[in-house]
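Down below is the structure, laid out as structure tokens.
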Amino acid sequence: MQALTAASHSGDAVERGPARPAGQLPATLTVVGFVALGLLALPIVGLLQRAPWTALPSLLGESAVLEALRVSLVVSVSAAAACVVLGLPLAIVLARRRLRFPRIVRAVVMLPMVLPPVVAGTALLFALGRRGLVGQWLEEWFGVSLPFTTAGSVVAAAFVALPFFVVTVEAALRQAGDELDEAAATLGAGAWATLAHVTLPTIRPALAAGTALAWARALGEFGATLTFAGNFPGRTRTLPLETYLALERNPEAAVAISLVLMAVALAVLVTLRDRWMPR
Amino acid sequence: MTVSFDGRVARSGWTLRVDGLDIDEGVTAVIGANGTGKTTLGRAVAGLDRLADGRLEIAGSVADDPAASVFVPAHRRRVAMVFQDLRLFGHLRVIDNVAFGLRRAGADRAGARRQAGALLERVGVDSAAWPRRPAALSGGQRQRVAIARALAPEPEVLIVDEPLASVDSSGRAQLRSLLGDSPARHVILITHDPVDVATLAERVVVLDGGAVASRGSAAEVTASPGCEWAATFLGANVVPGRAHGTSVTTEGGLVLAVAEEAAGAVYVTFPAHAVTLHRDRPAGSARNAWQAELRRVDVDGERARVHLGGPVAVKADVTRRSADELDLRPGLTIWASLKATEVTVVT
Amino acid sequence: MTALNVAGGRYRRRARLRVAAVSAAVAVLGPGCSGAADDGDGGDVVVMAASSLTDVIEIVFEGREGVTPVIAGSSTLVAQLAAGAGADVLITANSATMEQAVSDGSVHGEPVLIALNALVLATPAGNPGGVTALADLGREDLLIGLCAPEVPCGELARQALDAAGIELSADTLELNVRALASKLSLGELDAGLVYATDARMAGLATVDAPELSDHLTGYYIASVSAEPPPQVQAVIDDFAMGGSVGAKALYAYGFLGSDSRPVSAVPP
């Protein structure tokens, strides 16, 4: 986070002036840079090269795949919605309130980004499972048990996706500062009116980007969902789980599903670039 | 109706202390060097900064009183502010920036836009600019929009922080007249511009080192500025006239040569220490020389401020020693000179 | 404009994270990264073993230099071998996966049966769901877990339940038996079918289910190369020879003994 913030301050393209001519870059740097790009692109090429293009419609038309797609859409959209509802207040608190232990709070927020998803899932079981810290009371008082339900998949996906939303929105809020909020207050706007008419519209690009990133992360979620919510067709088996199982059963189907996931992720990223990243 | 301020505002590292300042209706200029607390004073009145202790009253009702746990938030104070950095809403059209305060006060969209348009016309923003975003406007145009936006909700108090800093010269006179007959009962003008003080302010508050150094009418404060910075600032001569090319004819008929070209109604300003006094007609490079009647001499330490009448009323600062050497006394007729390069023309 | 640009830099960074996530998802499909030596001579002997053997492998190779174990589900291991992962020895948890490896051409040595494992009906300690028979796996009020049919323990469970004619009411189909056993031991599931060895390791209670006794799975070891070098053969012998350190460890962990018969000679 520190690095992100610092970079964004220095990343002032308008004042930086024209880019250096390429001739001034060390040649080795350019070469290594392109090698790294190749490293990122190679798996995609590998996937495309093995793709069963002609069989694609029938592979994706399999009822198991369609069912997983349906579960994935329900889970990822709900998780993204949960990220907005819960993440927006959190991002505002982080950006605007003076916190007692800001570093620790920030680390807690970022944790799901670096935690192995399987560990995240296990931790969720300890907290929200039937015998978990909070889960046992949920079960006792409300008869609610999250593991092995679609709701559980949503919780797991939201858990890992939330930081993507919060970090994006918090950074934008910090960038925007509270100057405009102050101006709104002197014009008679109360806290809610300021939020609705000034703060949120000002960071609209970041809201969109954060939501899209959180959704994409939720869509690709595997480990935490599997560990916390299990795997059952039509209920908790999402596309990534279907991909994993298809790999055992029919690798071509796995490649087909991966192509879909990859296309969706690329579409999100390209859209983010064009729409929400003014150059 | 007054704004009465008695208390402290604590900022990180320093404190603004204001003991019993009453700001009456009309235009009050707040002057002082950078970092003396001018903006903090404005922010405290607006409700953007809280008092550490003391009491702030606006038009008879308590706005901030920590001891009594009273704090009226900014949006309920009817104090509008034109910020130095303008702070226009980038996501809103120009017209909706101005309509913003009206909408918050409950006006419907069409009515608010109608009123906003009327205000924009008054401040001289062409209707072609109304549907655009503030970023598409020039700095001067944006400044006008900011002023219109602050005036729109008809505030009790209007605080203007460095109002004309980025307005293009052609618009200053218009905006000055707008601020001069602003509908807000109190206008607090935080400024660095002697012309603003000379042309707009009924009263002046001088801040120095986080405290009030002097207050009163412009004349009172000029006589007792309370600090060196204000003495220099208030020593500035502001003379209205008409420019034609590189000369300006003052109302008294004196023609002053100036360094920059201008046309039409202008103000010329020059510091009091730029005026040199001579017993005989001066020779040399100063092209501006005129005979003046010596009205009064104020001696303050090693400095003497000489008030001159004649074709133009100006102040001249000389050392006490040269005042003695020239044997300056009221009633004397004396030569004054001024280098063209010392004169600033303000349109 | 400036502010937007600055914010833009941030999204760009986020975007890179996404690319990383995408390629991670893609990597699931690519060849597994085993860190293995190429042929066995010169480097460590790389032993790929089914995840239910985790503890046995640990005991057998503890403190032993020159051996690198790679633990994963049998089908994953076979897929990795087929995709060209370097390994010297493969141990699978059923015959089907070993046969797959042989027919893929990734295993050239003769597979040898080293142990048998049985499915048991397992519950958390104390059996909070009150499970009394295999037929309880059809109870709607219980949280029931099985292995997914794509992995050996799930395939075996499916066979057993089909044979017993039990209508299953499962809530999750776990991707490996260890995960299933953990969820049972955490009490998140009320009952499930796991290997006897995993039930013992996870401290699960078991309920008598005679229907399961006919359904055993065989563990097979084979050399990747048709003519294994001596150090590779030594590793195979550690499991395949009666009274070997591997055989003792397998027994200690609850595996059933075998007579080191070749695959073709044992029932599935």
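A, B and C label the chains in the order they appear, each numbered from 1.
As a convention for this text, a contact is a pair of C-beta atoms (placed from the backbone, for glycine too) under 8 Å apart; a residue touches a chain by one contact, two chains touch by 3 or more.
Here the structure is a predicted model, which is why all the values come from computation and not from measurement.
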Mutual neighbours - chains that touch chain A and chain B alike: none
Closest chain to the centre of mass proxy, which here is the mean CA position: A
Whole-Å separation of chain centres (CA-atom averages), chain A against chain B: 52
Separation of chain B from chain C, taking each centre as the mean of its C-alpha atoms, in whole Å: 81
Gap in Å, rounded to a whole number, between the CA centres of chain C and chain A: 31
Residues of chain C engaged with two or more neighbouring chains: 1, 3
Touching two or more other chains - residue numbers and ranges from chain B: 90
For chain A, residues that touch 2 or more chains besides their own: none
Complex contacts: residues of chain A adjacent to chain B: 179-180, 182-190, 193-194, 197-198, 201-202, 204
Residue numbers on chain A that touch chain C, as the complex places them: 4, 7-9, 11-15, 40, 43-44, 46-47, 113, 122, 125-126, 129-131, 145, 147-148, 164, 167-168, 171-172, 175-176, 205-206, 209, 213, 216-217, 220, 222, 226-227, 229-233, 235-237, 240-241, 243-245, 247-249, 251, 254-255, 258, 261-262, 265-266, 268-269, 272-273, 276-279
Of chain C, residues touching chain A in the complex: 1-15, 17-23, 25-30, 75-76, 79, 143, 145, 148, 150-151, 170-175, 179, 182-183, 186-189
Chain A-touching residues of chain B, taken from the complex the two chains share: 46-48, 73-81, 83, 85, 87-92, 100-101, 103-105, 149-150, 152-153
